[in-house]
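Down below are the structures I want you to see.
Heads up, the next two complexes both have chain A, just with different partners, chain B and then chain C.
The block that comes next holds the complex of A and B.
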């Protein structure tokens, strides 16, 4: 799991890469939570480089979405690979998480 | 190079001692040889000086007019000659020479006109003069040499010229036997050799003692390490504390080494103790996980009884967890004499937390199924029960259905689970188009679509968890749905559910090879066979 975080005002842009599984998911969850604690109100997750997502990965996304919502903000995902999008659709997560084609579209969802 | 290898193989003591020995031997030899040569020179110089003094002093020991009176064979009375001879011999003994003499040359013949120790009467001819006599005759300069005398042997000899008051020439000589010089040299050599040998043995003794003193603590340390290894690093085996008398406050390398060894042993003993504790803690955790797995297994149904529903249904399930306790689940039981409830699910994550969550899911699912009998409602109830205060956001994917065994109609609902497969009576594989909905337990108030499916006689419904399609081979490739579908298509059409379960299990296992199973794998196959009931 490769994670880099860039801040734009109250939005934290989290670019993740690799496998979002039982090993990678806790890391993403911890880094995302830290950003929220540091004051970020919005999370933009760029998953362009995520090649695989497991149920543990989905759980971490759910935790981050809930946490940022409780802090009065929101979360959006963008640039999903076909494999990740398939899992999102199959699990029904596409209905509860905000998905966008690219970063600017995701920014639009967060406004 | 062989010598170098040999030296490397020696013990530290010999490594120190051998060069010490060689250097000592060399320096003692050089010292002895150099000293001996220097001393020989000094001995010869000393002798030459004495001989020269004797030659120069000789005229003074004779009467002032003695040489003037030496004129002819009878010009000095015999009595006087012998008196002079005795005086000269006394002097010669004191000086340490062998011969002392004065020669007079008359018509190229040499005559002894005065002498000591030669026992020659006055005017005795020197018949075969030594070569140095002619040398003095020629140059009239003092001449010092080792010269072979035909009658008196090899001599160290000093000869000088002398003139009487009339200016007549005489030759005065002082000799010593070469063998006496050699004897002096031999004595000096013996002295030097003794001194050299003594210093050599002292140095060897010292280097032996020193190499022992240096290596003795090392060999004691090496004894300690051997005992330590043989004793399995027991805390009871300690370094002898006399090896580091001042603790760490010393400049002695071996004492520091011994001290460090002692510290290392202390730390090692502590680490081993810690390791044992960790080991037992891990064993306890593993045994707890194993027991959790055993408890979890009791939440799963036993083997399907084929006599239920008059033999119209065959069903079999299999689960292989990645750890001792897992997050997959399946269930089936009869709701009444004609309705069969079945479910398959996958809790997010794995291990102990998933196993605990799975237990709750199974219990909630059973209780909801018995009360509600509508799959969509059942999922809604279970979802709401799980979603309340679900801080960890753990969720479960669930595919549940109720089969009417009289008609083959299945009412089902899907909570974010992989869609199942339908295997036709002819063996053809097809997907089951069901709405996905959302996973169960993630969002409070979620709803699930209620769908129906008609199973024709001989058809099989095959359900699985993503542990199957996401199994990984040694090269990191996913098993995938395509391969699963190919395997299902290749099954014999007349085979029962055990063949379906076994066929897919074996294929996944063969695909994974030696790779560790990363996720729980669960399979469930249900075959509707109303005609089988009639014939049996």
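The block that comes next holds the complex of A and C.
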């Protein structure tokens, strides 16, 4: 995975690229958890460059959502590719995670 | 291939390259990667107790229908009856982590049939038409 993180106040904007699978997902999970530990209350995951997600990727997204919620914050995802959106819908994750079209819409969800 | 994550990654990449050479659609390639990812991960993680090296057979028939078969000598496991049902409802806090792989494959229209033969699990996955 290629992961870059930019902080805006208490929000960590995490841009991920590559495959969110058994190899990539733990990397994203570790970086997201580190951001929460460093004090970020909100995670905004920009998945525009993620072309593939497996159940391992879903698992890590769920772990991050639980972790940030337990710390009193929230998480939103944006810019999903069609392949990733399809898996979100089939797994029912579109009902439990906040999905937005782009970063500014995701910021709105996190307010 | 053998039962290691490194070998699984190698096989998934090789299969993708082979399918690309046959001009298989990117949607189909993505579905094949997901099937290999979920099913081989299950075998590597859960089928063996002995810590040893095991051969896993992967066969693809890229015809109509498009069929993938995976064969292993691990403990008997019928994904159609032995896998726990996925939990698809409820808030983030209550959702169990995991248990979604097989559900995803079925949701994508893949049909699976399983048989146990001579101490081997044989799982056949038939992909939906395009």
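In this section, the second predicted complex is superposed on the first by the 111 of 111 C-alpha atoms of A that agree within 3 Å, B and C clash if a C-alpha of one lies under 4 Å from a C-alpha of the other, contacts with A are read in each partner's own complex, and residues count from 1 in each chain.
Everything that follows uses one rule, which is that contacts are C-beta pairs under 8 Å (C-beta built on N, C-alpha and C of every residue); 3 or more make two chains touch, one makes a residue touch a chain.
What you see is a predicted model, and the numbers here were worked out from it, not measured in a lab.
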First, second, both or neither for A:104, with chain B first and chain C second: neither
Contacts of A:90 with chain B and chain C, given as first, second, both or neither: both
A:69 touches, of chain B and chain C: first, second, both or neither? second
Larger contact residue set on chain A - chain B or chain C: C
Touching partner for A:58 - first (chain B), second (chain C), both, neither: both
Footprint overlap on chain A, comparing chain B with chain C: 21-22, 54-56, 58-59, 62-63, 66, 90-92, 95-96
Contact footprint of chain A on chain C as seen in their complex: 5, 9, 27, 30, 33-34, 37-38, 41, 86, 88-93, 95, 97-101, 103-104, 107-108
Contact set on chain B toward chain A in their complex: 346-350, 392-395, 397, 415-419, 436-439, 442-443, 446, 466, 470, 518-519
Chain C contact footprint on chain A (complex, rising order): 21-23, 51-52, 54-56, 58-59, 62-63, 65-66, 69, 83, 87, 90-92, 95-97
Chain A residues touching chain B - in the complex, by the definition given at the top: 21-22, 54-56, 58-60, 62-63, 66, 89-93, 95-96
